Structure formats: structure tokens, C-alpha cells
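A, B and C are the chain letters, set down in written order, and residue numbers restart from 1 in every chain.
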């Protein structure tokens, strides 16, 4: 179905009426305006709960699976070892595009979203946050909260309220997974899985001419590094069945 | 010799009862009394205080801020607000002017350096000269019966200086803008003069004092509204206000004749259209809105009519600056065509109407 | 009028050799010998966007315009060969940041064609919703730029204020104001809840209320009509010859809209009309886009009313929660491998037809070649031809009426 638009004809009455309408509209706005701007940074817009801001990291839940570093489109996440030797992520906010692919990939919700996004760093080096644990400290300048809503027209509500920028998000409904053996006949004994496991859940024994590797189900956190690094596709991640 | 000067100054002095006690005490001190008498001498008071330099400074400080605020209000936002936050940002123009002082004035290699730097300063000449001839009630500079034609002739000198600035810049965009400025002069001058002639035909005189005296019952705008509309449109073209700011189009030719100016020269050059607007709005208030007629305030004495004229011009300028938010910009050939067909027809109708009123 | 050619021995000034201009020196010398002017409306100019236009002007009339695009070229096609398939989604929505629905859709549909993934109904409706919201946002942006190019500052501020409604809705759906990266192979990343859907419906009414005021002060303003009417006319044959796309070819009378010819997503389930104009001048191009905003608002209301219940992530994608991809994003997408071949999709972005081609070699997790042709690149020739014979001040009016956006055309 087609709708045709035609420009209007131009004659003297339409021109004069057009001028008068435009002048009338401007005068009406000059007397009673429909202002929609806010006085940032003293007033701040209310953001929804799923707003994509900086990432909050909690070290206790991280299983060092390297998924966030692999998926980041801008290569902004690098993993750094702490004193125990396990690797944890650090984000370079000069490169991060706040797409939250890393949060969507994290299996244990160790990386969480927050509403902090318009902060200023003092220099470029401090934008690479190597130790991400805990909530970052920011100086707030806003005193009021502005909320946009829609009725007949835009409705702006201003309240004297400082918003909490940290959001509570539920954990994703992902069952605990552990590594299990899928095709043991493919194993060539390269022991890459033994070297790569962050919690040392794989043990290796040398018996005559064969090397036997064993996975420990209690220690395994389900990070999947051994699955990805095996060159002959021996292992697979499997969900834990109760009982 | 001092006594001769003192007698000349005291002979034609402005009388303001409000500050008379201060003036009396200052008259006792030997050298200060000469300076005070000089300032209160009628022509010097006219050119220095109202409606002269002090008046222009107050108007400039206000009108730039007010235009930005009014335009912002129409555009659903708030204008400048940060400079003096409690007062709503009123001294924004002063802050801008001080910033221009600190910027570097660059005269590029290909410019005619003499004209390039001198013209923005000399352009104050055709702005202040007509001001001498426009009286303000009880305060006047030069009082003749030919004041109106002389003032109009001097105002039409201002485009010549803008042409000089554009030519001295030696830049392609400045050249295009200068040519447009020269063209647009032809669009508005003749309907402008015809509408002024229409008003003088009604009042039967070209003397400012008698024009204002004749408007004591009805202001001129109700006698001949068509001449007022023509005057308003040609005022918009003359002072490069939207919808006719063609010589200094920002998007097409990057500011036209003023493109190469920076620093304090740019600040001076930007105030030129506003000063022309001030002059033309003074004339329009005298011709159409009753000039300095208003209730007399005894405490201000001679200052009261001048203050009424100033306030009326102030309000007129503030309302005219609304056009910035209503219109876009016309093309140069559309303006020329309009100026010579529609606006000319309207002005001749106004002339015939005023001839009819004068006969009746 | 008789014209006598001048034979002056003039060489162009030194500066022309210092600027790296892509025109031959003969053009400059030729223009110096006649009375033409060569004006560089360059990247640092109030009215040129980010590209350089070399305009040859005779008096006040334009003889020809030579574009010099490439100022904001980011080499997206080459960058895409170094990233995984899923990592290219935030890359390819950057040409037009508020129209990310259409740019994501083209790329993701190519992957879905290759892997034969079926998308659930609710996800199709949500994707169409994002595409239409992006279309309205882009048309408002273009209207603002057109207004500022003809000097109308209020006409610039008001569409951008109304565009704020769209970014608020995007923030509620995707979490960010522009560049949502929300559409993934198999559906969308998250579900949209009831509160947001009713806010979207109320927003359409609020937007119509504000657009009525905009109509009085800009669209029906006699100044605008005088500036845009009859300027930059492209006839039907010329538009077809130069390959103009999108609402700009519809304004010349050709009824070509990819959503009507090869419908995708939910476009064949809702009621809408293709907007066509009859004359090919700037004002019709502008009016076509204004009418498309009204059509899109209508479409959004129908989509919100008829939104089916269900999941938003396809069954062919590995995910634990079919309404939220959080937690299983990596397992689902990190080692996508497309079978060998070439996959092409056409999408109707806001400014015209958008073409994606993915060439895969069957073995690697990164594409072998991705080809994207944006609408801006396709109608650039028509834009240059429409300027011939008009005045210098019309260059900006025609530029604004075409809505040429250099980051989109240069990719």
C-alpha cells in the first residue's frame, strides 16, 4: 500500500497564515516554555536498573575461566595474577565500549553491572584498573534526581534524592558444571590440561610408557580452560546431576 | 580662561535634582568642578551618558545575554547560567568580553594589515556620529531641523566599513560575504526611505521635537501601521538579523566578511550589528512609539524624558530579538526579489495611506 | 549574454599545492583563467559535515561539485576479519549509532541464514521494534541537521529534544542510550517487560504532541518552503540512473522499499504503507521522511499491542534461560563457525538500502571477508548531480535534504 505526499501550493494567504502561526508558536514558547533540559551535574537523570555502566568485580566468586578476556570485542580485559598465582581480570576503561559481553559471559556472576558511567579519571594510566575487587570510590556532585516519564507529553519529576548507583542483580540460572571425559582414546598425553588448570584439579601419573591423567570432581570449578585447550577434544563440560 | 569655559558649560547644563547635592559639593573643588561641569554640559552629556556611550555599553551588555536567554527559552532549554549563578548568569557578556581580551589577535600574512586592523576601530565613527543628531527629549547633541535626513545618511555609511573589512581579509569566503553585503544594501535602502518619508508626510515636519510633540495623543504606529511593518522588515535586513543574516551566514560561507578576525577585534566586530540595531530602534521609537513622551518624574528632572526613550528602545530591541528563534535564512536572490517587489509595493501603499491621512 | 574567455597568464597560488587536494591541477588553472571560483568547503567548515567538497562556482551558480570522502574512514571491513563473528556486532553498528537495530539486523540475519537458526516470534517483534525506533531517531536527527544548514536554530534544537524520548526508551530496553548491541543470532539478549512496553506506547503519543509544534514552526514555515521547494530536483530517470536509494528515491516517484518487496522479521504481519512523493525536490524528500516518522509511530503501536508471548532466544542456541542470555553467552557464540560460502542480506536502514555479505571459508571462527555497503555511499553520486546549476547557498540545503552522514558513508 502506497501513500503519496505532495508539497502544498504556495499563495499569499497561506504564506501569511504560515508566518503568523510560526510567530505565534514562538511567542507561546517564549512565555510558557516546555523546557526539557536538566542542570547537569547538579541534577542527574534516573537510569533503569539494567543500565550499562562500569563493571563491579567480586573476587570470591571468580573461577578464573578467562571467558571475559576472550569475548571482549575491544580487547580491554587482561588477566593479572595475584599473590596466589590465580588470574583475575583487569579492565582498561580507555578501550572498553561498555557492551557488557563480559558480564553476559561470566558463569558465576562475578562481574556485575552498575550505574556508574560518567566518571573522570585523572590520567590515562589510572584508566587501566588492574585490581578490580570491590566497589570503586567516586565523588558525587549531584543533589537532585530527575525522572523522565511519558503521559500526554513528557513529564519531568525532580526529587531531592541521591541515587544508589550499585544495583542488585540475581545470579543467572546456570547449574554447576564440571569437566568430564568424553573421548579418552584421543588423549596424546601432552598434559596441557594439567598445566592450565587454575585450581590444580588434574593430576598426572607416569606409569611405564603411558601417562594417566585424572580429574578431581571436588576441586573442579567448571571453568572450562582444560576443555578449550585440549588439542584432541578429549574433555567436555557437563552439568552436575544431584545424587 | 577657566571662567570662560565654566560660563559656557554652566550656561547649557542638564538639571537633575536627584544628584544635585553631590554636584553642589563637587563644585567647590577647583579642578573637579570643571570636569563635572563638562560632563553635565548638554551635548557632552548626550554623547557620553544617555543615549551615548554609557547607554550603548549597557545595551550591549544586556542584549547579547538577553538574546541568548530568549532564544534558549523558545528552544526548550535554559541559556547561559553559570557565570554568576545566583544572579542567573547576567554578566555573561562581560565574561565573554574579558575572554576576548586574552585571546591572540592574528593578522594573517595575506591581509592588508593597515585596513585589516584599523577598520573595526574606525567603524565606530559611523555609529557614533548619527547618535549626535538623535535627541532624547531634554538632552540633545546638535539641534537642527535637518536631523532626521542627516542621521539616516550617516547610518547608511556603515556597510562601507564592513566592505572594507571583508576586502582587507583577502579570503575567498570573506569575498563572497562582502559581495553579498553590498548586494543586500540595495534590497532594503529604498523601501526604508519611503517608509520614513511616509511618516514625515503625516507629521508634516522632519524635526524630531515636533514629531514627538504630535504623538502625544496617538502613537504613530496606529496612524500608519503599514509603514511600521515595512520599517520593521527593513530594520531586520539592515542589521543582519535572522531571517536575513545573509552576509554572515555561518553554515555557508563561514561568517562572511568577519571570518579572519580573532581576539578583541572579533569582539568589536561582533557588536557592530547590535549598535546599528540600537540606532535604528531609537529612530523607530521616536517615529512610531511616541519618543520620549511619558509621565514626568520630578526627582529626575531633565533625565526623565531621556530615560523614557531609553527604556522604550530597550524593550523594542528585546522584542525584535525574538526573530532569531522563529526563522531560518533566506537566499540572497530571494531577498533582492522580495525587496524590490513585495516590500516596495507595501511601502508605496503605506505612502498612499499616509497621504490620505494627511489630506484628511 | 555573450561571454568572452579571458587569456590571463595566472598560476594558482602556492597553497593549492600544499593542500593535498584530489583534483588535477588543470582544473584549478582552468578556473583561474575563466571567472570561476574553486571553493573548498572542507572538513573544518560550519556546513560540510566531516567531508571535503570541492565546489566550482561561476558567479553564484554551481558548475560542479567534486566530493572527497574518506575523512572518517575507519576500515571496518578489514577490522572485521580479525574478530570473531560475535565480536563484529558492536563494530558494525557504529556507522549510524542510533539506527543500530537495522545495522545489527543485516549482519545477524546473514549469520542466521548460514546456520539455519529459527528465531522465535516474540524476538522478531522486539527486533522490529528496535529497528523502527532507530528509524524515527535517525529521521529526527536528519531533520535537525537540515534545519541548522538553512540557519534555523530552533528547528535544530527541537528534533534533538524529541530524539531524547527515543534514547530514553532505548535505555530502558537495552541498557544504553545508543549502540545497543542487543540483537544476537537467535533472538535478542534480554526480554522486555510490561512496564517498558506500556511506556513505549505512551511515548508515541507524547512524541506526536511535540511534533505538531515542530510542524508549525519549521515544516510549514514559509521561509523553509521558500528555501527548499524546487531546489535540487532529481527526475525519476536520473534517480534510477545514479542509483539513489531509500526515501530519496521514493521521493522521486519510484516505489522501492525493501521492507515491502522482501519482508523480513515482522513486517508482513503489521499494517503499514510505503511513502512515496511525486516531485523530486528537497521539500518532498523532507516531507517523505516526516511522513515515515508517522508511519513508524503507527507501526510501533501495533507491535506493542500484538506482541506475542514466548521466549526470546531460539532453541537452536545453547542457553539456560530462554529469556536472558546472561551466563551462557560464551558457550553459545564464542566458537561459531559458518559453513563455507557467501551469504547476503538486504535491509532497509533509515537512509536507504543496506547490504551485508559474509564470505566464510568453512573452518575458522573469524569471517574471511565481510562486505558492507551503506546507503550514504550509494546515493552520493545522486547528491552530487542534484547540486548542478543551483546557487551556492543551495548546496547546504541539498546536503541537508539528502541527510548525507559521512561516518555512515565512509564506514
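Convention: a residue touches a chain if its C-beta (ideal position, glycine included) is under 8 Å from a C-beta of that chain, and two chains touch if they have at least 3 such contacts.
Worth saying up front: this structure is predicted, and the values here are computed from it rather than measured.
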Middle chain, criterion being Cα centroid separation: C
Chain pair whose interface holds the most contacting C-beta pairs: A-C
Separation of chain A from chain B, taking each centre as the mean of its C-alpha atoms, in whole Å: 59
Gap in Å, rounded to a whole number, between the CA centres of chain C and chain B: 46
Euclidean distance of C-alpha centroids - chain A vs chain C, Å: 28
Chain A, residues touching no fewer than two other chains: 22, 25-26, 29, 34, 36
Residues of chain C engaged with two or more neighbouring chains: 154, 161, 217, 221, 223, 226
For chain B, residues contacting two or more additional chains: 74, 76-77, 325-327
Residue ranges of chain B touching chain C (in the complex, touch as defined): 71, 74-77, 172-173, 176, 242-243, 245, 249-255, 324-334
Partner chain A, residues of chain B touching it in the complex: 70, 73-74, 76-78, 81, 322, 325-327
Contact footprint of chain A on chain C as seen in their complex: 83-84, 86-91, 154, 161, 164-165, 168, 171-172, 174-176, 179, 181, 189-190, 199, 202-203, 205-206, 209-210, 213, 216-217, 220-223, 225-226, 229, 255, 272-279, 281, 283-284, 287-288, 291, 295, 320-321, 324-330, 334
For the chain A and chain B complex, residues of the former touching the latter: 22-23, 25-27, 29-30, 33-37, 39
Contacting residues of chain A [partner chain C, same complex]: 1-8, 10, 14-15, 18-19, 21-22, 24-26, 29, 34, 36, 47-48, 50-52, 67, 70-74, 97-101, 103-107, 109, 113, 148-154, 172-175
